[in-house]
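Two complexes come next, and they have one chain in common, subunit A, joined by subunit B in the first and subunit C in the second.
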Partner chain A sequence: RYVRQLQRLQLLFSPTAADARGARQFVEEAAQDFARQHPDVVLYVSPHSGPGPAPVLRAEYLNGTVREELIASKTSEEIVQLATKMANQSGLDIIRIRKPFHTDNPSVQGQWHPLTNKPSILTVQGPRLQPQ
Partner chain B sequence: PAMAARLLLRAARPLLAGAGRGTGLGTGLGTGLGTGLSTGPPPEKKRWLRAYLELQRLQAPPQRRSEKPNWDYHAEIQAFSHRVQENFALDLLKTAFVNPCYIESEEARRRQLGLDKDAVALQLQDNTGLAERGLRFARSYLAQCFEGAYPELPAKGIEALVNFLTSQELVSYVAQNLAIQDLALCRDFPAPPDVLQRTFLAVIGALLESSGPERTGIFVRDFFIPQLIGKDLFEIWEVVNPMGLLLEELTKRNISAPEPRITRQLGVSTVLPVYFVGLYCDKKILAEGPGETLLAAEEEAARVALRKLYGYTENRRPWDYSKPKQELAAEKAVSSN
Partner chain C sequence: MVVLSAARWLRSRLSERFWRVQEVLKYARHFRGRKNRCYKLAVRSVRRAFVRSTKARREKKRFLRALWITRIEAASLEHGLKYPAFISNLVKTQVELNRKVLADLAIYEPKTFKSLAALAQRRRQEGFLAALGDGKEPEGIFSRIVHHH
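Now for the complex of A and B:
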């Protein structure tokens, strides 16, 4: 069955800073809907008062990866899109994939090895029998 | 990447008064500038102090997630039940996460703090009962699944497969990837594998109590049987004498004893020879297996023959996850008591 890999989202922002306006609007308008649509993600909203670090959306996945994304000067809709994108990701590292193909069944009739089409020792080659 | 993000965060807010101080140019200039300014944002930490604090942060021992900020146990448990797409009775689920080592450590801590005897005794129940019920149910359900899917497999093989699937490493691996190590209450961190195994089996037991045997059976099937993908039968089941086992199987089916013959050979006089030995019954081929020496090749051929007889080859039909298996419900209700 499908198990969503996102465990929890932490929204860290400041209630007075100018670039956290989108985050504040998101909390007021869209956060509840987002939490209702994704009941298996725990959404933590933690405003830290006073000037501090930039507003950030921290995502923790089931395999332990923690990804932080800056939401400074983003609108509420953009934050919703970003949150859904992180909710649909798995916690694997975002690195270059070496090859865009993979198969679990590399060979259907059996992989070739040097003895595939060679006759075995047991085939006895004698004189052809005359038809009677 | 965490460090890069942290440095980026600090750069994102250009501080007005602190920009000059943050370069670590020395205390003289800093104090000189400081007296003349009104109170602005707090000054950034010095460059060398930042490096030291970063080192301290990286060398700190790992902490439980419940001790870090932003943790709500009730919400996490609800999210867990939604994530697994099952309806749990929440109090049963909460008892399932309580381990006996946690209760002992909590009582010891309270006794150390000098509380009364009434306050020392915790109101929590263990998860040992639930874990036992979960283990019994899981074993019986998996045994029934395998008996249905591989009817030729003998009892010892089924037992080996069930033991592998309920072993500590596998169950604790599944539990780690479902983030049960965050929710489980236990004495030491990170939780040892037997604690994780007990917690996961207790979760299965709690599901059994809340939703009944059918849904629990589907749960066990969905999380345990995919762990068999890519595994070979004889990796899981240790067979010492495959030839003897093969002879027993053939006598049960009234087929004559197999006759081993060399089918192909390569590099006989070299260091790495390869022999293909075929087993023939009544001059018809049963199985063929490769090996370095003739004995090894014969043993491998016996294993290939056993795999074919038990129906556990690599090209068998994949497991059927579709139908909910109604006919097992009655047997399960009897066996899971």
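Now for the complex of A and C:
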């Protein structure tokens, strides 16, 4: 079954800062709907009073990664889109994947080595035959 | 002064210019000489590195194909076949394996590759018989073509 990799979303903003207007509108209007649509994600709303750091949406995933996205001067709809995007992600690092495939057992018949196609007299050490 | 956390204090101490400069320098860290430290030199080097990496994506395909061909040639020579003979006969027997897969088989599945080389060799012999014999002998078994409709 599908297990959502997002553990919790923390909405850190200041109730008086001007750039946190979108965050405040999101909390008033869309936060409850978002929480109902995603029942397995815990949404924490933590306003800190007074002038502080920029409003941020912090996502914590099941493998421990914490991703912070700035929501300064963003509208409520954009914050909803951002939150759904983070909810659908897993906590893996967003870097270039070198290969889209991976195996733990790449070889079934035995990997090639310089003696695979040579006559076996070169490798086999049988019992020493007595001179007859 | 209320310090909420070390990261926030650090962020407020350094200027915006520092972060803009670091954005460029982080891509230059593994360069040689002063271009990995000095911004003025690093900007030019980073831009050239990006341009080269975009152009190299087209070259990478050619390079990898040449690598696979080298590997298949080496593996088929071990079994007594040359690369053009191997590939052409494999195509004639309707075995549509690309060079990437053939190279991987040659490395990780040597017995499968040996059987593919034997198949190509047999088809080659049948081709010779059909071309030189020109008699009333029946067509070779492996020369039959399957039609998918």
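One rule holds for everything that comes next: the second predicted complex is superposed on the first by the 98 of 132 C-alpha atoms of A that agree within 3 Å, B and C clash if a C-alpha of one lies under 4 Å from a C-alpha of the other, contacts with A are read in each partner's own complex, and residues count from 1 in each chain.
Note that a contact is a pair of C-beta atoms (placed from the backbone, for glycine too) under 8 Å apart; a residue touches a chain by one contact, two chains touch by 3 or more.
The structure presented is a predicted model; accordingly, all values stated were derived computationally and were not measured.
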Touched partner set for A:Q111, first subunit B, second subunit C, both or neither: second
Subunit B versus subunit C as contact partner of A:S120, first or second or both or neither: first
Partner chain in contact with A:V41 - subunit B first, subunit C second, else both or neither: first
Which of subunit B and subunit C A:D33 touches, first, second, both or neither: neither
Subunit B versus subunit C as contact partner of A:L62, first or second or both or neither: first
Touching partner for A:E78 - first (subunit B), second (subunit C), both, neither: neither
Touching partner for A:L70 - first (subunit B), second (subunit C), both, neither: first
Touched partner set for A:P53, first subunit B, second subunit C, both or neither: both
Chain touching more of subunit A, residue-wise (subunit B, subunit C): B
Footprint overlap on subunit A, comparing subunit B with subunit C: 53
Footprint of subunit B on subunit A - complex, ascending: 1-4, 7-8, 10, 39-42, 44, 46, 51, 53-54, 56, 62-63, 66, 68, 70, 72, 104, 114-115, 118, 120-122
Subunit A-facing residues of subunit C, complex: 4, 8, 11, 75, 78-79, 106-112, 114
Complex interface listing, subunit A residues touching subunit C: 52-53, 106-112, 116-117
Residue ranges of subunit B in contact with subunit A within the complex: 2, 5, 8-10, 12-13, 41-42, 69-70, 72, 75-76, 78-80, 82-85, 177-179, 182, 222, 230, 261-266, 274, 276, 278
